[in-house]
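The two complexes that follow have chain A in common; it is paired with chain B in the first and with chain C in the second.
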Partner chain A sequence: MSIATTTRAARSGARKPKPPFFHRPPVVAAVFLLPFLALFVVFRVYAVGYAVVLSFQDIEGIGVSEWAGLDNYRRLLTDSTFLTALQNTALYTVGTLLILIPLPFVLAAVLRSKLVARQAMFRSAFFLPVLTSLVVVGVVFSLLLATNGLLNSFLGLFGVPEQGWLETRHLAVPAMIIMATWRWTGINIIYFTTGLSNIPNELYESASVDGAGPVRKFWHLSVPLSKPIILFVTVLTLFGGFQLFVEPLILWGTGGGPGQGGLSIVVHLYRTAFTSFQLGYASAIGVVLALIIMALSIVVLKLFGFFKKD
Partner chain B sequence: MLALTRSRRPWLGSVPVFAVLALVAAGCAGEDGNSIAELEEGEDTERQAMEADPEHEGEDVELEFWTFVDAHTDFMMARAEEFNEQNSEYNIILDASTADFEEMHDRLLIALQSGSGAPDIVDIEIQRFATFLRGDVPLHPLTDLVDKHRDQLVEERTAPYQLDGVEYGIDYHLGTWVMYYNNEILEEAGVDVDSIVTWDDYIEAGEQVVENTDAAMTSIETTDRFSVLGLMLQNGGGTYNENNELILDSPENVEALQLISDMVHEHEIAEVAEGGMHHETSYYEALNDGAYASVWMPQWYVTRFKDFMPETEGNMLIRPLPEFESGEFISTMGGGTGTAITTQIDEDKLDAAKQFLEFAKLEYDSQVALWTELGFDPFRTDVYDDPALTEPDPWFGGEPVMTNLRDMFDRLAPEYTGPRYPEAIVQLRETVAYEVVEEGASPEEALRKATEEVEAMD
Partner chain C sequence: MNPENKTQVDTSAPRDVQIHPSPPDDGVEQRWPGTLYPDGRRRRFPGGHKKVLATAGVGVVALIFLVPFYWLFISALRPSNRIFADAGSFFPSTLTLDNFRALAQETPIGTWFMNSIILTAGSAIGSMVVVTMAAYALAKIEFPFRNTIFVSILASQMLPFHLLLIPLFLLMIELSLIDTHLGVILPMLAHPFGLFYMRQYMLGLPQEVFDAARVDGASEYRIFFGIVVPMVKPALATLAIIFSLEQWNDLLWPLIVMRSESNFPLSVGITTLVGLYRPRWDLVMTAAVLAVVPIMILFFLMRKQFINGLGQFGTGAK
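Entry: the complex of A and B
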């Protein structure tokens, strides 16, 4: 007994003295994380959780609420405005995915190649739209997309007849995609440039030795080796697409666009909450939107083989 | 009032709003997550506060006022100064904030729902007013103020801001609906403007215009409500009737919409407005360049001619709307903003606020100022004899425009609003007009669908 005690005492005596409380790594970590965690829990976790609770309630008018069970979700299935919004949003997302992944990727590759002088200048130019105030963007695009606007004049050079971009139902989503392309190409170029610069130069050099041209190097080296960054940008674009809100608001003021061709899910959510003041139903729309985004993200991750063990 | 939010659990009331905001915020965040911040750029609230006058003998009463129109701030500031000059009991110190339309209304809703942060006096636009009349109404009744002046008022203008016969808001204008004719084009086409009395005459004149000039007779909005709502109301329809019943698919509305559809598709005298609405820069340009011989819009549209369409000076003439049937309505009212007092005002300020609101909105001199300062048509009839309102207007053919306007008041169709007015307007603005005008849908079908959409809300 006494021997054992002595040994333990000797062992503990050999250890370093305990650091002061605030110097212990777990405590330090907790202190640094706490402000973020507190804000995150209060303004995100709690709010989102409460929204889920709200989605089972019927709230309309100030100070009026009652439990509604699944009524809000049932209503969603028959809400033709929601279905219109879902369709518009899905089309917009597909459109942005088809443009905002390949275009910036090719541009990023070109900007990295020796084909282009003053690469930094071009990158900054492409990035500028991201920094431009949305109010300005709204005004500029109203003029650009007007029937007698710049885009129609440009298309006219190729014999394309004048289009009412902002006045035609089926052109509302393309109009928003045009705007999104202008706004987001720059930031995606930055992501892809970062991805491309992580690919070791030796690989390109050895490919050159093997006789690969720029196109083959791009296709067989740059593309496969950028898979993680392409996945990242795809998921971000997917989020951005389904959360479409600002574009329709600044193009059409009220958010619906011609014949509700520009109505997005989030605009519908926003109007349900703040014009109709049906906070319960608006929450249900939000919950369903979150589920849609989550499901699609999982599908994308699966397609990219994210869950596979390498 | 606000039983849940105030007495029992004061902080819980704001929770639903925060939760929804979180969802909206999650929705708003763009790829870089900063869209909301960007959206607010350039739309910052503008604040303008009066200074206390130390020489005033009355009690200082600071009133917070929110609006979404700069000109309304100037108007209310000027009225506050006049009020203080004439009133010895209170010295009103107005603290006015102007924010973007949506932002102001959303903030107000949040403040009223959460039980704190709302202003004392606030402008609520007609399209959003009904939202605030659901549940426990967070606004103070103003019936006693209106009653004092009721015999002088165009009573129809008080209807949109009522719930169960109680007034909750007071407007800035009447918004008399008129036809603006470009007389230069009509003369070129050989049309005498005063020969147009009925809609049939109007269509006939339109055919002459299209045949003899490069202009179309008129333009129709497809992404706003004015073109369709104006004629629906004039024909005795609209969104609600006086019994608070939704009448979106009433025969009167169908007839009015059919008339518009015929003008576009059958007679080909009307075209879709540039940009789909009468408030687009490209439309102002077209109207300025003489692309249209006429357009029906409320009286307040005169300011658009003067501000944005310099070429129309002297050429425009204002007339009543052509009539559907002899002796029926020749006008109605369009747009509107009700100024209200919220229930969050301190009890001891309420009397001062009510006195001030009555002074600023209903007294004779203030109603004259509605015209002289804002260019709006007052809704107090006796001011139309005031020299300021009987003056001829050179921009509009040198005619006494306001005097002519008054002659329409006994044939003015009222506008009633109801609980789903905002949603009904969204339907008119975004789907009904578009489907009928652009896609040639049947008016009856379009209005039936719109009615179903609105009814599905409940």
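Entry: the complex of A and C
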């Protein structure tokens, strides 16, 4: 349909002519929405439903499947490998929450203050890791954290004995937390900076008038008034933590690391699906992962009082 | 109506967001300019000891954050048998470009690089088109179930991608899209948060412009291409950065879809090099350098857009 003719028709026509079919608002909306909605329905809605269905099936090869009821879920509860993966992933997530909220928050506050020169330069330095592919992060840190690596030679300067960061069961999660600290601090600094810049300046001025020092202003103004952004970063960190995959894959392949100490839920899912081809069981792991993430998000939102009326 | 004039009106209307406007006094003592302080004493350093100390402190932390980059580049330049052996010595004894030569000879690195570019460009451009069109319908056209549709799309962002991994894999087999670029790109195009961001941006556009255009008899299609697209250019730039970064750095989905070596993007190629029985550190480190350098160049060319874009995109801030 030519645009020129319809425009002319609209000008010369009756006062309120019924627009041609393709120009009625619901039709126009449908045309604009169609590409997105079609992709969304096929690759998200349908896929989610499919995942749930698969999780109740026992699949032997592509196209050969059998209804398995709750078997896959029952198996999950007794699968000690899954429970190890769950424990590692939870530990990793807690570790990242404990570091990736306070550290970037303090850095954001300090970087915004007039105490630090060259703020833009520093902000870029912290931001560069955010742009780095997790594959590259894994590759670089497998050198940095090697037993003869840089971290150990640095710690050696202070008399700390060599640690097998990537070869010791209980150090696998701390090693990944070190990587996460490097990779995500910068983006959280940016989020917290956005949050801090939304706090009205007058509040700080009147606090100064009342004689509040810098530390008090930080604890009694910056921290409480950043609650929404802290909530947001908490949920994001939780999401990211439970989806841990690339770092352990690069460090230890699908093996799970020393004594399975580096096995994450998603690595377990991946190897169940794509090395032992138990697609039904792997789908059940995916469903449980989604439920865990949603449940934890709701708990966090509740803790922050997100659902309260005021 | 005269679309040319109308488009001129307001391309800059949605405020360019400032993430770091002039810093307020947020908890840290202000200094008056000059050396004379309100208490009448003179200080030797105009900036004050505190400023020197704080800057040095932050500087040390920033330097620590740069060490892994130094390590990436220096390792790629060490002789291949020293990369792992000297992983603990900060200053290399010899530097060489041999590893890059080995990379070019022993791996299809050029093909991997091209694949990364094709996937990145394809999914960035595709998502931008799809997301912008849908955002316009959801922001500016009245139709039934508009909010229901929008909220359902947004809610799906709560689901981890890994839940979809297996059904999408089976779907790709059925559609014969395994080992194709389209198979990597298609499932990523309908980006819920991208839609959210673009819709928010469009809601901020002045309604009068649209009303005027409609009174003038412009069709919605003409409004979209003539007015909306030019007005949302800053938001499109943000989406281009976000989508490109995501695709360039993505590993999991291309790892599953791409089967033949000639179809690997860089991320998958590097992963296979790491997964060898004895990792070839010379090839791994040089390929990693090639994966990082293009993004860094773009970052230094458009530092502001990167930092503001990722900040706004994440927080939905304006």
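The definition used in the following text is that the second predicted complex is superposed on the first by the 272 of 310 C-alpha atoms of A that agree within 3 Å, B and C clash if a C-alpha of one lies under 4 Å from a C-alpha of the other, contacts with A are read in each partner's own complex, and residues count from 1 in each chain.
Simple rule for what comes next: a contact is a pair of C-beta atoms (placed from the backbone, for glycine too) under 8 Å apart; a residue touches a chain by one contact, two chains touch by 3 or more.
Note that the structure is a prediction, hence the values are computed from the model and not measured.
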Label the relationship between chain B and chain C on chain A in the superposed model as either fit or clash. clash
Comparing chain C with chain B, which touches more residues belonging to chain A? C
Which partner does A:A146 reach: the first (chain B), the second (chain C), both, or neither? both
According to the stated criteria, A:L238 is in contact with first (chain B), second (chain C), both, or neither; which is it? neither
When the two structures are overlaid on chain A, which partner does A:W184 contact: first (chain B), second (chain C), both, or neither? first
Using the touch definition from the top, say if A:L134 reaches chain B (first), chain C (second), both or neither. both
For A:A284, is the partner it touches chain B (first), chain C (second), both, or none of the two (neither)? neither
Quick check on the superposed pair: does A:A172 touch chain B, chain C, both, or neither? Answer first, second, both or neither. neither
So, does A:G259 touch the first partner chain B, the second partner chain C, both, or neither? first
Which holds for A:L33: it touches chain B only (first), chain C only (second), both, or neither? second
Determine, under the contact definition given at the top, whether A:S208 touches first (chain B), second (chain C), both, or neither. second
After fitting the two complexes on their shared chain A, where does chain C collide with chain B, if the options are 167-175, 203-211 or 293-301? 167-175
Dual-contact residues of chain A, meaning touching chain B and chain C, are 43-44, 47-48, 50-51, 54, 62, 130, 133-136, 142-143, 146, 148, 187, 236, 239, 243, 245-246, 249, 266, 269-270, 273-274, 279, 282-283, 286-287, 289-290
Contacts from chain A onto chain C in the complex sit at residues 3, 6-7, 10-11, 23, 25-26, 28-30, 32-33, 35-37, 39-40, 42-48, 50-51, 54, 62, 107, 109-144, 146, 148-150, 152-153, 182, 185-187, 190-191, 193-199, 201, 204-205, 208, 213-218, 221-222, 229, 232, 236, 239, 242-243, 245-246, 249-250, 253, 266, 269-270, 273-274, 279, 282-283, 286-287, 289-290, 293-294, 297
In the complex, the residues of chain B that touch chain A are 1-5, 13, 15-24, 26-32, 35, 38-39, 41-43, 102, 105-106, 109, 112-113, 128, 131-132, 134-138, 222-223, 272, 274-276, 280-282, 422-423, 426, 429-431, 434-435, 438-439, 453, 456-457
Touch list for chain A against partner chain B, complex: 43-44, 47-48, 50-51, 53-54, 59-65, 75, 78-81, 130, 133-136, 142-143, 146-148, 164, 166-169, 184, 187, 236-237, 239-240, 243, 245-246, 249, 252, 254, 256-260, 263, 265-266, 269-271, 273-279, 282-283, 286-287, 289-290
Where on chain C does chain A make contact in their complex? 18-21, 23-31, 47, 50-51, 54-55, 58-59, 61-63, 65-69, 71-72, 75, 83-85, 87-90, 129-131, 133-134, 136-138, 141-144, 146, 149, 153, 156, 158-171, 173, 186-187, 189-190, 192, 195, 217-222, 224, 245, 248-249, 251-252, 256, 266-267, 270-271, 274-275, 281, 284-285, 288, 291-292, 295-296, 299, 303, 306-307, 310-312, 314-315, 317
